[in-house]
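Structures given as structure tokens follow.
The following pair of complexes shares a single chain, subunit A, combined with subunit B in the former and subunit C in the latter.
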Partner chain A sequence: MHVPDGFLDAPTSVATGVVAAAGVGVALRKARAELDDRTAPMAGLVAAFVFAGQMINFPVGAGTSGHLLGGALAAVLVGPWTGALCISVVLLVQSLFMADGGLTALGTNITLMGLVGVFVGYGAFRLALAVLPRKLGSVPLAAALGAFVSVPAAATVFSVLFAIGGTADIATGKVFAAMVGWHLVIGLGEAVITGLVVSAVVASRPDLVHGARGLAGRRPLLAGEVVA
Partner chain B sequence: MGAGHGHRLHFHGHSVVHRAPAHLKILLLLGFVLTVVATPREWYPVFGAYLAVLLGVVLLAQVPLGYLLPRMVVEVPFLVFAALMPLVAEGPRVVVPVGGWELSLSESGLLGAWGLVAKGTLGVLASLTLAATTEPADVLRGLQRLRMPDLLVQIMGFMIRYLDVVTSDLGRMVTAMRSRGVDPRSPRHWPALARTLGALFVRSYERGERVHLAMLSRGYDGKLPEAVQ
Partner chain C sequence: MKNRRFLVIGLFVALLVAGVGSYYASSHPDGLEYVAHRTGFLDSAKEPVDTGSPFADYSTEGVDDARLSGGIAGVAGVLLTLGLGGGLFWVLRRRPPAEQQD
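The block that comes next holds the complex of A and B.
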């Protein structure tokens, strides 16, 4: 999934690097406004969670497997800014410490998965939530929809980048059809898993789900005798 | 915690490369991969020179190649893509006989595939060399010296510190699932897997809250004290 060195030419890589740096800079400020001095440990732990979640593979067909990208999942669980920050940190660590995704392609990877994946996913989630009935049960459904949209959206932006700075002479239409077609299938897996995970968290700790704020309602404190 | 706090790729050593300041190594790596990516792929001998330089550094670092090569599997999906490229790319084609069949390959596709394989492989090997010769804490200090925002370095630090805790948490949950007859890969068992991931999120989030409180009680004011060597 991670774009390696040499896939896109140097100018495109540098340009996406600038976009990614600007995006991460804004996300840093917004996340700090949301989490204040809890930012470092909370974002760090959520990033570790996203990394662990990405270790789960699911079969996509033809003997290959995809793995959870987690952009929409992180956005729904901790909010889009913190989510974008977490995904970007995951990509940074994977690139610097695990050689997963090229260092020159880091900007591209952060732009695709950390920015496009998270914000398109979150936008679709918000839209779906506005249409669906205002209740807690709508949150997982909207999250699944957001996840489904986010994966082909990232693939579409990749096709555009490849048309601009690709290092191979493949017709743009072909790249687009292959990338988006393939990622629609991956998006289905992403959607199902994201929806189920969000529904599991909503069932146990709805107060932790950023996307469910205002829907969880106040649970009255029950006091009374317990008859055992 | 039953988890080791070792670093998956680090290869312990005391060579010149191990001891070199991390920020220099990061800058050199970035310069190297940028140069490789910017080199026109028709300059075949230059890529040989790059590889020679890289192998020289690996030799100097005394990291066995047998240690690095198996870790290059991260590159495999893109090798598959590169292998497909001559088949789907446009432009004039050359016919290559392969065991009785005649394979029509695109010339520009072949060139593109070569560029991908050469540049991708050099990039992965160079990144692996940095990871193998530099402790994570040193990489973080290096990034700090390179003026990466302090908060970002802190988040990376926390992620790395708790990575093994969180992944082995998941590992134990998956073991528990398997011992009850669940196959985490099968879509039939996704609901169980998703509940596991949901629980992992709640655990990680709550661990973050506890870590934050523990830090506050030790006087955390938004900055981490300089790590003592």
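The block that comes next holds the complex of A and C.
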């Protein structure tokens, strides 16, 4: 969903740039509470993993493809504020080094994937977790649901931005319907990948999963494991 | 699984996905690009600014072999992201009380 330079006009790009800067600014302060000696390296790994995951475009039919956005995944694994920073770092590297996502559209992309994707995904994850049984096994399922919702949410916000500041004169309804329609399908892929990755981390290191706090720690010690 | 082992395995998986797996990714346009094409605003995209990076479009300048070119760019991207992100998070992290006396 990387927006290139030119799709949105300058005022809209400046506005999303301000939103992105404010969001990242708040995240820089709030992420401190989520990060310590143990979780900081994990957060770096999550950012690197999202970069890798975003390279894997999966076909969704009719000559189009989707790829992981990773917002819900990062938020569940390392917390929403750190997650927003993870996605922002990925988008920065992509636009600076890979020519993926325009430089003037960086604020737009951070807003769409780093803020909307992360916080809608995390909100839906929290809601789902509150409804599902209170056990560790619910975490991957709730993460998958959050991931599913996050993709059409980001697509919706893009459609709104396009209606406000799109440089091409295309009917808003047409763009909205196509964006949300296709991204509902892509959201299924996002859900599957997110569910599987969270499930793998929960199985090996539930204590490192931010979204599993309060549920982890009751795992019986494995043979040979030493209590530090 | 110990911390270090977990991180090493995680990084290995990320490098494998970006360095090898990416070659097998679908080359169809992604959702946004497809919608832009179908509804008629793809032409409003501008060529990306040349930042002088050798990895533009996930290929490596001067490397002709597609598999190798994409693989190197992917590995470079993962390491750049890990370095930037990891560095940022390490600086931001809460220190144990003993270290906070500055």
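Methods note: the second predicted complex is superposed on the first by the 206 of 228 C-alpha atoms of A that agree within 3 Å, B and C clash if a C-alpha of one lies under 4 Å from a C-alpha of the other, contacts with A are read in each partner's own complex, and residues count from 1 in each chain.
We take it that a residue touches a chain if its C-beta (ideal position, glycine included) is under 8 Å from a C-beta of that chain, and two chains touch if they have at least 3 such contacts.
From a predicted model like this one, the values you see are computed outputs, not experimental measurements.
Legend: residue contacts after superposition of the two complexes on their common chain; A:139 is shown touching neither subunit B nor subunit C. Shared-chain residue A:25: touches subunit B; no touch with subunit C. After overlaying the two complexes on the shared chain, residue contacts for A:96 are found with subunit B and with subunit C alike. In the superposition on chain A, contact of A:110 is made with neither subunit B nor subunit C.
In the superposed model, A:77 lies in contact with subunit B only, and not with subunit C. Of the two partner chains placed by superposition, subunit B and subunit C are both touched by A:170. When both complexes are overlaid on chain A, the residue A:129 reaches neither subunit B nor subunit C.
By the touch criterion defined above, A:13 reaches subunit B but does not reach subunit C.
Touched by subunit B in one complex and by subunit C in the other are residues 1-2, 4-7, 28, 32, 37-49, 51-53, 55-59, 65, 85-86, 89-90, 92-93, 96-100, 102-103, 167-168, 170, 174, 204-205, 208 of subunit A.
Within the complex formed with subunit B, the subunit A residues making contact are 1-2, 4-7, 9-10, 13, 24-25, 28, 32, 37-49, 51-53, 55-59, 65, 77, 85-86, 89-90, 92-93, 95-100, 102-104, 167-171, 174, 189, 192-193, 196-201, 203-205, 208. Residues 7-9, 26, 29-30, 33-34, 36-38, 41, 71-72, 74-75, 77-78, 85, 88-91, 106, 108-109, 112-113, 115-116, 118-120, 122-124, 126-128, 130-131, 136, 139, 149, 151-152, 154-163, 165-167, 169-170, 184-185, 187, 190-191, 193-195, 197-202, 204-205, 207-209, 211-212, 215-216, 220-222, 224 of subunit B touch subunit A in their complex. Of all residues in subunit A, only 1-7, 28, 31-33, 35-53, 55-60, 63-67, 82, 85-86, 89-90, 92-94, 96-100, 102-103, 155, 158, 162, 166-168, 170, 174-175, 178-179, 182-183, 186, 204-205, 208 touch subunit C in the complex they form. On the side of subunit C, the complex with subunit A involves touching residues 1, 3, 6-7, 10-11, 13-15, 17-18, 21-22, 25-36, 38-41, 43-51, 53, 55-58, 73-74, 76-82, 84-90, 92-94, 96.
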